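In the two complexes below, chain A is the common chain; its partner is chain B in one and chain C in the other.
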Partner chain A sequence: MTAIDLDATSPKHLADKYAIVGVGETEYMRGNGSGRTTRALGVQAIRAAMNDAGLKPGDIDGMLSYSGNDSTFSTFMAGDLGIRLNFYMDVHGGGSSTEALVGIAIGVIEAGLCKTVAIYRAMNGFSQVRIGGTGARSAAPINGDQLHARAYGWQSAGQMFAPTFMRHMHDYGTKPEQVAMVKVIHSEHASNNPKALYKKRMTVDDVLNSRMICKPLHLLDCCVETDNGNCIIVTSADRARDCKHHPVLIRSVVGRCCKPRIDMHYQHGPISTVAGHYAKDILFPNADVKPEDIDITGSYDAFTFTTMLQLEDYGFCKKGEGPTYVSDGTMRLGGKRPNNTSGGHLCEGYTHGIAMVIENVRQLRHDVDDSCPIGPDGKRQHTYDYREGGCRQVKDVELSANLGWAMPGTGSSMIMRRA
Partner chain B sequence: MSQTIAKPIPVPDEITAPFFDGARASKLMLQHCAACDSWSFPVRERCPHCFSGTLQWRQASGRGTLYTFAIMHQVMNPGFASSVPYNVSQIDLEEGVRMVANVVGVANDALRIGMKLEAIFEDVGETVRIPKFRPAVG
Partner chain C sequence: MALQGTHLGMNLTVDDLDIENIAYFGHCAKHNFHLQRCDDCKLLRYPPTTACPFCTCLESTWVPVEGKGSVHSYGEVHHGIQPQFQKQTPYLILMVDLDTQKGAPTEHDALRVVANLVTPEGQLTSADQVARVGIGTRVQMVFSDLSPGLSLPQWTIDESVPQPKPWRYPE
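For the complex of A and B:
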């Protein structure tokens, strides 16, 4: 144990004290949609995570979820699973929630409210509530905070974020073909992920030739909205030792760290700087590691360029060098620091960030669910051959960083390590 | 039979009414703090710089530069179906605040960050006008 772990004057004393012991999910669905309730999707995902950890209903006594008023509350999930809760909370929010809720789970366990917390996101993000504020919501009269946005045709996430991308292009000479490489690389990773919705490998031309959604964003710069349920289970490192898998420990967490003026983030320039600029000063000191120590990243790819902005502002490269970082092969499987090895939101499916945490947990177990053969000991025999349809396990991975994103102004993040 | 769906229309309230009253008279009205001599936007009850309650409505210059923009091709709101492709832009006003609006009177592909703009006013409904911007004349 390093000296910093004994420093109880800051959150550093919690590093490695808690673990993620179970992960689980449903399929990722589009087309006709799931045809199921968010309740059913959530129950399936939580049950899968419990089985993954080797935990019974009586072992789970805490529950957390996040939604945009488009899901089912913890109380219903717990009832269906035979879980009696000592603590639960269902919070509002999307992309910056998973890591923040891990922090809340650590806090409530530390405070003695409960012992083991299941965190889930269950959504029909394709067949029921789309993110763009379309449908009945678009006709409503405008008041309050939307006064100066919707009247001008400014309402969806892509529309809201695209001006940030445009300004980054102006400030740093960023080219759409460089940013398109995020989709190319994530699609390569997805091709080695049997559960990814879009497994086809894409090219830069595929991205640039796809139809324009809101310039500079093409269709293939945007993630794929899906129906799905996902769950992770947090408990103490002590309890983790009794669970099924090699423990994955939580080094540090940042929850919904903000830029100034997140009410209208465009008011506080430069808008091409995002919340990670502030979050990094909590994330790395509390984990007692530096960006260069991180082996893999899970960067929120609601859009190609959101991945770039986060990697830049968290310090994985210098500000303005994001376009090179995301296009030079660094974040490819086999590269120096692979990003979103599942294919992420651009290819695997859209989960508001939780699936990228699940992927990194599996990576840190050295047991990612690719197509490599299962050996006589029941463990997957990874080949580290990253060609299409092959392996996606990163060799000897020890440290991961997840970079969650709600919008340019708000982010959450987490560093995990293999015990 | 096709039906034209209207664009969403702002509903002024007691605090934003002076902004929209000004727009009806083709004036860009913004809040200015008498205590710390600074402008602010969007509309609020107290000065965000010094929290003084002495915000007063003043006519702003309407002049600014284009800070950034994006061009909307996908129809996310049926009210804008006949408007695509249109731009949503952010404009740095001389007064030091940044507004969101559409820039009109110029082709989308001629928009350039840093270009000089000036406010104009367009009707959106029977009683509401909103500021937009166009390339500055002269």
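For the complex of A and C:
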């Protein structure tokens, strides 16, 4: 054992010791909805991730999930799949949960509570509990602290985040047509993702001509509510070597890092700065890499603006240069640092962040699920031709960063690398 | 005693145990705007809290605060989410910097109070009034009465002062 492994005071001592070995999901559904329970969605996703890793029910002994009271608990998933748990926990939360739960998984494995953890999100975000806040959520009575927000029609994610987005436009001269490029680029990526819900390539005019929801957000600045189940499996790097795929190692995680005054973060300015400003000082030093070392990003796109704000505050460009960064081709497939190569929440489907981690795991395996032909070794033979309907594998990708978002004041993130 | 009222058809309540919000809205019902001032560090805070976010002190005193300020940012809703607001579009969610304690305790901080743009009588405004307001607009507080014990703070354009040209979302 090397000296650094013994130094528990160093936050770097867990880098590369844990891995994501299995990923899986259901299809993404709208229209008539999934036609099944969140229990069924979760079971299907976990089973798909176990098969992907080559793990049996007896190999999984930990489970974590997150939801906003719109899912089914771990105990039912484990029961259905014949998994006997040594540890489980179901936490409240949406975006920015995935990376935080990866951190918890590492912690409980390190502490000896269990050996291998399945993390899932299962939701009927279109057909049951609408993530945009319509339906039952919007009709709920307004009590106590909620009088300072919901009573003013300030409730949905778009409404709650609008002051951040608008102030960024004011402070930095951000133009709607620059931010719209996030949707344009993610739609290009989605067109090369057979499982994406919205595969049509969009233009800046398509975004700006779509109806206004909550200024500055047009309809196409907003993500797509979806029914789906998604799962990732975390275990030690040692065990990862016995799994089916090339290991993808976790270099660092940040879990639900917050701005000051998180009870109502707008009290602390500048309000156009988001939690990534704080999270970056954990994420990059612990991984011992810099933003410029990162090959691909998964910057959460609940809205076009959230992708831009996080790329800025995590230091992929200078503060205020986000509008240029997201519109100059940098984050397009074939560009310097592609973002959300699956099409993300704007186009592939909304999963509260976990699908963006799954996408980067597949990218780091060099085996992303596009339409390229499968070769004799069972892996896709990527063409790196990014035209519509083509390849979406990024060439020689080694390092990825996922930038998860709960709201302007809270974020989680993770750096992974190809072993 | 618990507070109850109806706003645009929505039921609003403040429970007995929620003593900070009971006190805050108790002042609002008399059309007075009061905030907690920390007995130790003397800083004001919003929204109501149990402890002082600047020094952790549990003791505070409710003091009158001038309901005037300028719009720091805003959202302009064209597609209502709550059923009761769907008939009210377009409406403005105004995030207002109070003049009092602006820039303290640190440079970019302010007491930021969110409410809608309303008429001086406390009714949500028409679209032409919405189009007048943006970042920088000077506003003053008025109250919408929901019941004898419950009123909501709101913002209206301060017509008693010259208005700066507001910054608006580019059309």
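Quick note on the criterion: the second predicted complex is superposed on the first by the 404 of 419 C-alpha atoms of A that agree within 3 Å, B and C clash if a C-alpha of one lies under 4 Å from a C-alpha of the other, contacts with A are read in each partner's own complex, and residues count from 1 in each chain.
Following the convention adopted for this analysis, a contact is a pair of C-beta atoms (placed from the backbone, for glycine too) under 8 Å apart; a residue touches a chain by one contact, two chains touch by 3 or more.
Fair warning: this is a prediction, and the values are worked out from it, not measured in the lab.
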Superposed partners chain B and chain C on chain A - clash or fit: clash
Which of chain B and chain C A:266 touches, first, second, both or neither: both
Partner chain(s) touched by A:91 [first = chain B, second = chain C, both, neither]: neither
Chain B versus chain C as contact partner of A:166, first or second or both or neither: both
First (chain B), second (chain C), both or neither touched by A:176: second
First (chain B), second (chain C), both or neither touched by A:155: both
Interface residues of chain A shared between complexes with chain B and chain C: 132-134, 138-139, 141-143, 145, 147-156, 158-159, 162-164, 166-167, 170, 211-216, 264, 266-267, 269, 271
Interface residues, chain A side, partner chain B - complex: 132-134, 138-143, 145, 147-156, 158-159, 162-167, 170, 211-217, 264, 266-267, 269, 271
Residues of chain C touching chain A in the complex: 7, 10-15, 18, 21, 25, 45-47, 49, 53, 72-85, 88, 91, 93, 95, 106-112, 114-116, 135, 152, 167, 169-170
Interfacial residue positions of chain B with respect to chain A in the complex: 5-11, 13, 16, 41-43, 67-74, 76-80, 83, 85-86, 88-90, 97-102, 108, 113, 124, 130, 132
Touching residues on chain A, where the partner in the complex is chain C: 132-134, 138-139, 141-145, 147-156, 158-159, 162-164, 166-167, 169-170, 175-176, 211-216, 219, 261, 263-264, 266-271
